[in-house]
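Letters are used for the chains, namely A, B, C, D, E and F, taken in the order the chains are written, and counting of residues starts over at 1 for each.
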Amino acid sequence: MMEDDDFEPEAIKRFMYVNRKAPYGTIYALESLETVLISAAFDQDVSVVFLDDGVFQLTKGQDTTGINMKNFSPTFRALEGYDVEKLYFEKESLEARGLTADDLVVEVEILSTDELREIMAAQDVVISA
Amino acid sequence: MMEDDDFEPEAIKRFMYVNRKAPYGTIYALESLETVLISAAFDQDVSVVFLDDGVFQLTKGQDTTGINMKNFSPTFRALEGYDVEKLYFEKESLEARGLTADDLVVEVEILSTDELREIMAAQDVVISA
Amino acid sequence: MKFGILVNEGPFTHQASDSAYQFAKAALEKGHEIMRVFFYHDGVNNANKLSEPQADDRNLVELWGKLGEEHGVDLVVCVAAALRRGIKDDILAPGFRISGLGQLIEAGIVSDRLVVFGD
Amino acid sequence: MKFGILVNEGPFTHQASDSAYQFAKAALEKGHEIMRVFFYHDGVNNANKLSEPQADDRNLVELWGKLGEEHGVDLVVCVAAALRRGIKDDILAPGFRISGLGQLIEAGIVSDRLVVFGD
Amino acid sequence: MLHTVNKSPLERNTLESCMRLAKAGSAILLIEDGVYGALRGTRAADAVAARMNDFKFYVLGPDVAARGLSEAPLIDGIEVVDYGGFVDLVAEHEAQQAWL
Amino acid sequence: MLHTVNKSPLERNTLESCMRLAKAGSAILLIEDGVYGALRGTRAADAVAARMNDFKFYVLGPDVAARGLSEAPLIDGIEVVDYGGFVDLVAEHEAQQAWL
C-alpha cells in the first residue's frame, strides 16, 4: 500500500476522523468507520471525534433487523484491539440529545467544547464525511 | 407515454412540486424543474412552490461560468409558455433570507404561510426533491 | 389500493431506497398494488447490475428486481437522470426498464397515492 | 506544495466533485502538485465511463480523466465503496484505477495538505 | 395529508418547516433520521411537544429500533407504527408529502 | 486551521457547529451553498457578524456569482476569493477541516 517514493514511515501525523452524522439514515458513519479501521495499520496518531448527530452512532441496543441493514455498532468495541483508543465525544452534543455516557456501547472520553477545540486545532489531517 | 389501461385523461389532479433546496449545491433544483416541464404536457393542475432555501433558485443575475455549471434560472421564465403559471413563494422564507420580489427572475405569487398552508393541504400529488 | 412510488436516491448512501423497498413489500403483503416504482435523481443507481455489496449486506438492486418480477411491479429508471449518471442498458439490472419522466407523471395520475422517498 | 484530495460525492448530485475539480485545476495552475485524488463514498461514481451528460453540460468523468493524464494525477477509486455501488473495471473510465482505502491514508501521510470535499 | 419527515431536527430545519406549513389535523410520520424528533429530552423535543394538539405524530418502529432507541422515552402521545402501519397511514390520508 | 463550510446556515447546523468548535484565529471559507452564510440581512447573518473578531471569514466568489449574489450586500469584513485564493488559503494554513 505504500509504494510512493516519497513515503517516510518515520513521519507520524495526527489524523482525526470527524463524525457529525447519525447512523443508518446515510452510509457516512459506516464507511468512515471502515477508514478508521484501515488507518490503524499505518502507525499514525489516530483519533475519532463524535459530535452533533454523530454521537448517535454509538448508542446501545441498536437492532437493525427491521430495516434489513447491517448493525455496525459492535465494531466500535473492536477499535481498541486496533490500537484506536482516542474516541472523543463532545459533552454539549450529548446533552443536546439527552444522552449520557451510560447510553454508549464503549467507554469514551467526554470532552467540553473548549477541550475538544484545542485537540481539533492541533491535527495534521482531518477526514470528515 | 400513456399506455396504461387504467389511464383516464378526464381525471385532472392537483400536482404540486415543492422546492426547498438551493440551486447548484445539489442537482435537485435542476432535475425538479425538468419534471415540471414534462408535467406540463399532461394537462393536470400544476403548481410549483418555493420555500426555505428553495427561494434562492430564482434569484436574478445568476452567473455560473466560474463554476462551470449550467445556469438554469432562465428556464423559470419559460414556464409561462408551458402554461405553468402557479409559482408560489412563501413570504416568511423570502424575508428570512433578506429577499424581496424584486430579487427574483419572474413574477411570482408571494403568499403568507397561512395562505400557502391551505393550498398545500388541497393537493392530490406532492412531488418533492 | 394502487400505489406509485418515487425513489430519489441510490442504494446504500441514503436510506431512501431501503425505506421505499420496505414500504413496497409491506404494501404488497397487505394486498395493495404497486403499479410503478420510478427511480429519479441518484435513484437511477438502484438499477446498476454491477453492484456487489458485502456478503452480509442487503443487495438492493437484486431485491428491487425480484420484487418487480414476483409482483409485476413496473420498475422505471428515468432516462435523463440515468444518462447523466452512466446507467445504460449495458449495466441495467433485470426487471428494470429505462423510460421518460412522463412515466412519473403518469404514475401520479393513475395511482391512488404517490409516495416519495428521498434525501 | 503537494496536495492530496478526497472526493466524497458523485458527479452532478452534489457540487463536491465540481469544487474539488476547480480546486485541483487552480492548484496545478499555481504550480502545486496534486499527488492523488481519492474517490470515496458516492465519489466512486466519478469514474463511471458510461456517464453521458447533456451536450451543454460539463462531463466530470472526462474532466477528471484528462486532468489525471495531463498532470500525472493519480486518480484512485476506493474498491470497497466501488463494489457496493457497481463501479468495476468494465465501466472504469480512462485515467482512474481501483485500489484500497490505504491509498487515502497514504495520501494523508505523504501530502502536505489533504483537502476534503463532500456533502 | 400525511407528512413524512426523514431528517434529524437537531441537524436541519426540515421538521420545523413541516410543522410550520402542515395544516392542523394532519398526520406527521417520523422515519429514518427523522425518528430523533420523537425523543423526549433532546433540544428539539419541546417544539414537537408543543404541537401535539395540532398534529397526530407517528414514528416508524424499525427505524427507532435500528438506532438503539427502543427503550428511550418518547414524547407522550407519539404512536409507534411498523411498515404496515406506514402503508395504512398512506392509504388513510388523501396524499403524502415528503419533507426531505 | 482552515475550515470550509459548504452548507446553508438557514437549513443546517453546520456553520454553527464550525463556529462553536473552531479555535479563535482560524480562517473560515464559505463555499457552495455555504456562501449564503456570507449574506447580510438573512436570519443567520447576526451569528456570523458576532464572530468577525474571532475568525477571518472568506467566501468563494464563483459560488457567490453562480447564486446571483454578486451584487448582494455581504457582511462587513468577509473577503471574497477565487479558486486560486482557496488554494492559497489551504497552503497558508497547516490543515483543512471540511464541515459537511
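We adopt the following convention: a contact is a pair of C-beta atoms (placed from the backbone, for glycine too) under 8 Å apart; a residue touches a chain by one contact, two chains touch by 3 or more.
Given the structure is predicted, the values throughout are model-derived calculations rather than measurements.
Peer 1: Through how few touching steps can subunit C be joined to subunit E?
Peer 2: 1
Peer 1: Minimal path length between subunit C and subunit F through chains that touch?
Peer 2: Minimum step count, subunit C to subunit F: 2.
Peer 1: Going by the contact rule set out at the top, which chains touch both subunit D and subunit F?
Peer 2: Where subunit D and subunit F share a partner, that partner set is A, B.
Peer 1: Taking contacts as defined above, which has more of them, B-D or A-E?
Peer 2: A-E
Peer 1: Farthest from subunit D by Cα centre, which chain is it? Let me know.
Peer 2: E
Peer 1: Of the other chains, whose C-alpha centre is the longest way from the centre of subunit B?
Peer 2: A
Peer 1: Centre to centre, by mean C-alpha position, how many angstrom separate subunit A and subunit F?
Peer 2: 26
Peer 1: Any idea how many Å lie between the Cα centroids of subunit D and subunit E?
Peer 2: 38
Peer 1: Can you list the subunit B residues in contact with two or more other chains?
Peer 2: 24-27, 52, 67, 69, 124-126, 128-129
Peer 1: Considering subunit C alone, which of its residues make contact with at least two other chains?
Peer 2: Residues 8, 12-13, 15, 19, 22, 41, 54, 57, 114, 116, 118-119 of subunit C touch two or more partner chains.
Peer 1: Out of subunit E, which residues touch more than one other chain, so two or more?
Peer 2: 6, 10-11, 13, 32-33, 62, 82, 95-98, 100
Peer 1: Once the touch criterion is applied, which pairs of chains come out as touching?
Peer 2: Those chain pairs which touch are A-C, A-D, A-E, A-F, B-C, B-D, B-E, B-F, C-D, C-E, D-F, E-F.
Peer 1: Name, in rising order, each residue of subunit D that touches subunit A in their complex.
Peer 2: Touch list, subunit D to subunit A: 2, 6, 8, 35, 40-41, 80-81, 100-106, 108-110, 114, 116, 118.
Peer 1: Applying the document's contact rule, which stretches of subunit F touch subunit A when the two form their complex?
Peer 2: By the definition above, subunit F touches subunit A via 1, 13-14, 17, 20-23, 26, 94-100.
Peer 1: Would you mind writing out the residues of subunit F in touch with subunit E in their complex?
Peer 2: 10-13
Peer 1: Taking the complex as given, what residues does subunit B use to touch subunit D?
Peer 2: Per the touch definition, subunit B meets subunit D at residues 24-27, 67-70.
Peer 1: Help me check something: in the complex, which residues belonging to subunit A touch subunit F?
Peer 2: 18, 20, 51-52, 90, 92, 113, 116-118, 120-121, 123-126, 128-129
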